[in-house]
């Protein structure tokens, strides 16, 4: 079994605020992340698939095709967007990196060809904070 | 003459849209950066001062004090903010990285002690795009 | 299950020398790392916790609280210290990165709240050497 | 159990082209990677071994010895080489990163001392594409 | 005056060998870089332009257009190519990073619009070796 | 004129304390950096030379020779050393990064061949603090 990882990135705005809570409680729990006028990040995403290389190509999975799948199903939905407002699959939930990585998995997983398996999505919110999800 | 640089960072939302233009013209010129609902970045800022080291301390300028000056006059004004909405010194101008770096210089320069000179501010909007300003 | 990682750093001095060995044997085994007058490193530490996000916050664990726990129980004990001399929990053992990462786990693990589990501590001694410990 | 990782690098040329296929099919499948005149990469390799630290040295395995083993059995075979032409252990197979990481494991594993186990080889083809193999 | 920099990358093969010299002299001067069968690199290129931001856009120069110019006149000529064989503008000269950065300047400079000036091209051959050219 | 840069690194211990001052004054001015038992860093050094490439080699200066000069005159003097105790050319002065970069220039400059000029030494004390000196 070999693991192949491709990195992509997107830039997005978000805020962390529970709509069922008062402004005060949101500021108490989320601090500056609750700013009503939004803030944003350069997200870096690492998608790992696993499987066995094809003897004829030497490829587990063509990394250009993997890149195109990530772009179509993840980057195009999130890049230069407001995660709370513009992204249908984040509606009704908090736009934390934890929830975002799970939602990205659900978006991408059905489009991964059956000859490989989606193994991990790793999402950097900043260079010093990241979240991983293995399904 | 010796040059000392300190890196700091902040996360912010912004959009690129000229309020005197139509939505169509803004989208034509700025593309996805004009998204009305904002997007955002992890900005990295590098502040360089120049001068001569003090023989008693070996310091050009105490880097902890430089860091505190940057935090007070730059980071606290910009971090987890919406550059177009929340930042008084960006009002009335486009929130491009070019304009932002000039505005940061104007904020910080008056607070740099006279024994050193502010030499350069370098601002990364993404890991692959940065702007430098030398005053 | 989601995995959340926070990076922190500290600067410290150490040497690698077994007090039961002669100077010659220490130099033979540890080379320049045995320098009696010490050398040092910029250590980078990555702490990973795992668990399930809270639906009300979207957080596995508030990353600001995780950062504060690491600062209190790890960084404040090690930053700008001599690992062989100044750190009670490293007494009586070699100050290798392997032993250090195990000792850091023991310091930090009791303070991690029960709603998450400490999963991994990864410690870079240099950008090209790192050690991981999973408990 | 502790995991110790050492990074090394090498620069090499290669092409992706199946000798049993027409030039047209190779270009269709591999695109610019099939260029008959070769292209190349700065490969970064991360070798991870696992085991228990020795109480007398604090070392899982002397990282200088690990570095020398990687240099002798991997870097010296691959650095400034043409992977398709100059490397005996890549003959008869596609020079993909997937196949290369498996071949490197086979080269290195017999030389790892029995007190530790080879755990993982991670190979970056570019800063945004990497492959991992765990044996 | 503001300086704007955009980073791009390309992967290429090359060798360092003077065709007027014997194989022995080439190996003596260039070492492993003279390997007849080529080796290669992941080159990183940083292009800096300077000028004054446009008040209506806040842009010195639209970074997407700068990226497209670099792609058309530099990356498309060099990516996945053999610098010695496939690149017309490197014919008749040594394919060193020094010569390459000067040749890239000559390719790109005529296409930079007159409202900005090309200031610097910085080219990384490896993460630890780079060359800069200011025209 | 072309500029060529080579990066090297060393690990060292130091402290910041003026021997003419009381322990209290040193702690007041230098904080944790004054720890009597030392602390340390992974220093990264970037050495830039400038000149005109040789038409026969394409080289401004053979980067392997530049690396060997840096190793002999800088790295071998500083790596795994205590800057305050073990380094003759730092005696009698504060071991700040500012003073260190000037001292390194003085060590290295006489050994740079006359066909090129030493242009800059850039020294990172941590990934977020660096000093440059141009002679």
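Note that the chains take the letters A, B, C, D, E and F in the order they are written out, and that residue 1 is the start of every chain.
The rule is short, and it goes like this: a contact is a pair of C-beta atoms (placed from the backbone, for glycine too) under 8 Å apart; a residue touches a chain by one contact, two chains touch by 3 or more.
As the structure is a prediction and not an experimental result, all values here were calculated from the model.
**Q** Taking contact as defined at the start, I'd like the list of chains shared as neighbours by chain C and chain E.
**A** Touching chain C as well as chain E, we find D, F.
**Q** Tell me the angle, as a multiple of 5 degrees, of the rotation that maps chain C onto chain F over the C-alpha atoms.
**A** It works out to 180 degrees.
**Q** Comparing residue numbers, which of A-C, B-E or C-F shares more than half of the contact pairs of D-E?
**A** C-F
**Q** Could you please state the distance in Å, as a whole number, between where the Cα atoms of chain B are centred and where those of chain F are centred?
**A** 29
**Q** I'd like the Å distance between the centres of chain B and chain D, where a centre is the mean of that chain's Cα atoms.
**A** 41
**Q** Pull out every residue in chain B that's touching 2 or more other chains.
**A** 127, in rising order.
**Q** Considering every pair of chains, which are in touch?
**A** A-B, A-C, A-D, B-E, B-F, C-D, C-F, D-E, E-F
**Q** Name, in rising order, each residue of chain A that touches chain D in their complex.
**A** 1-8, 48, 53, 55-60, 62-64
**Q** List the residues on chain F that touch chain C in their complex, please.
**A** Residues 9, 11-14, 32-33, 35, 37-42, 79-82, 85-86, 126-127 of chain F touch chain C in their complex.
**Q** For the complex, give me every residue of chain A touching chain C.
**A** 16, 18, 20, 29-31, 93-99, 101-102, 127-134
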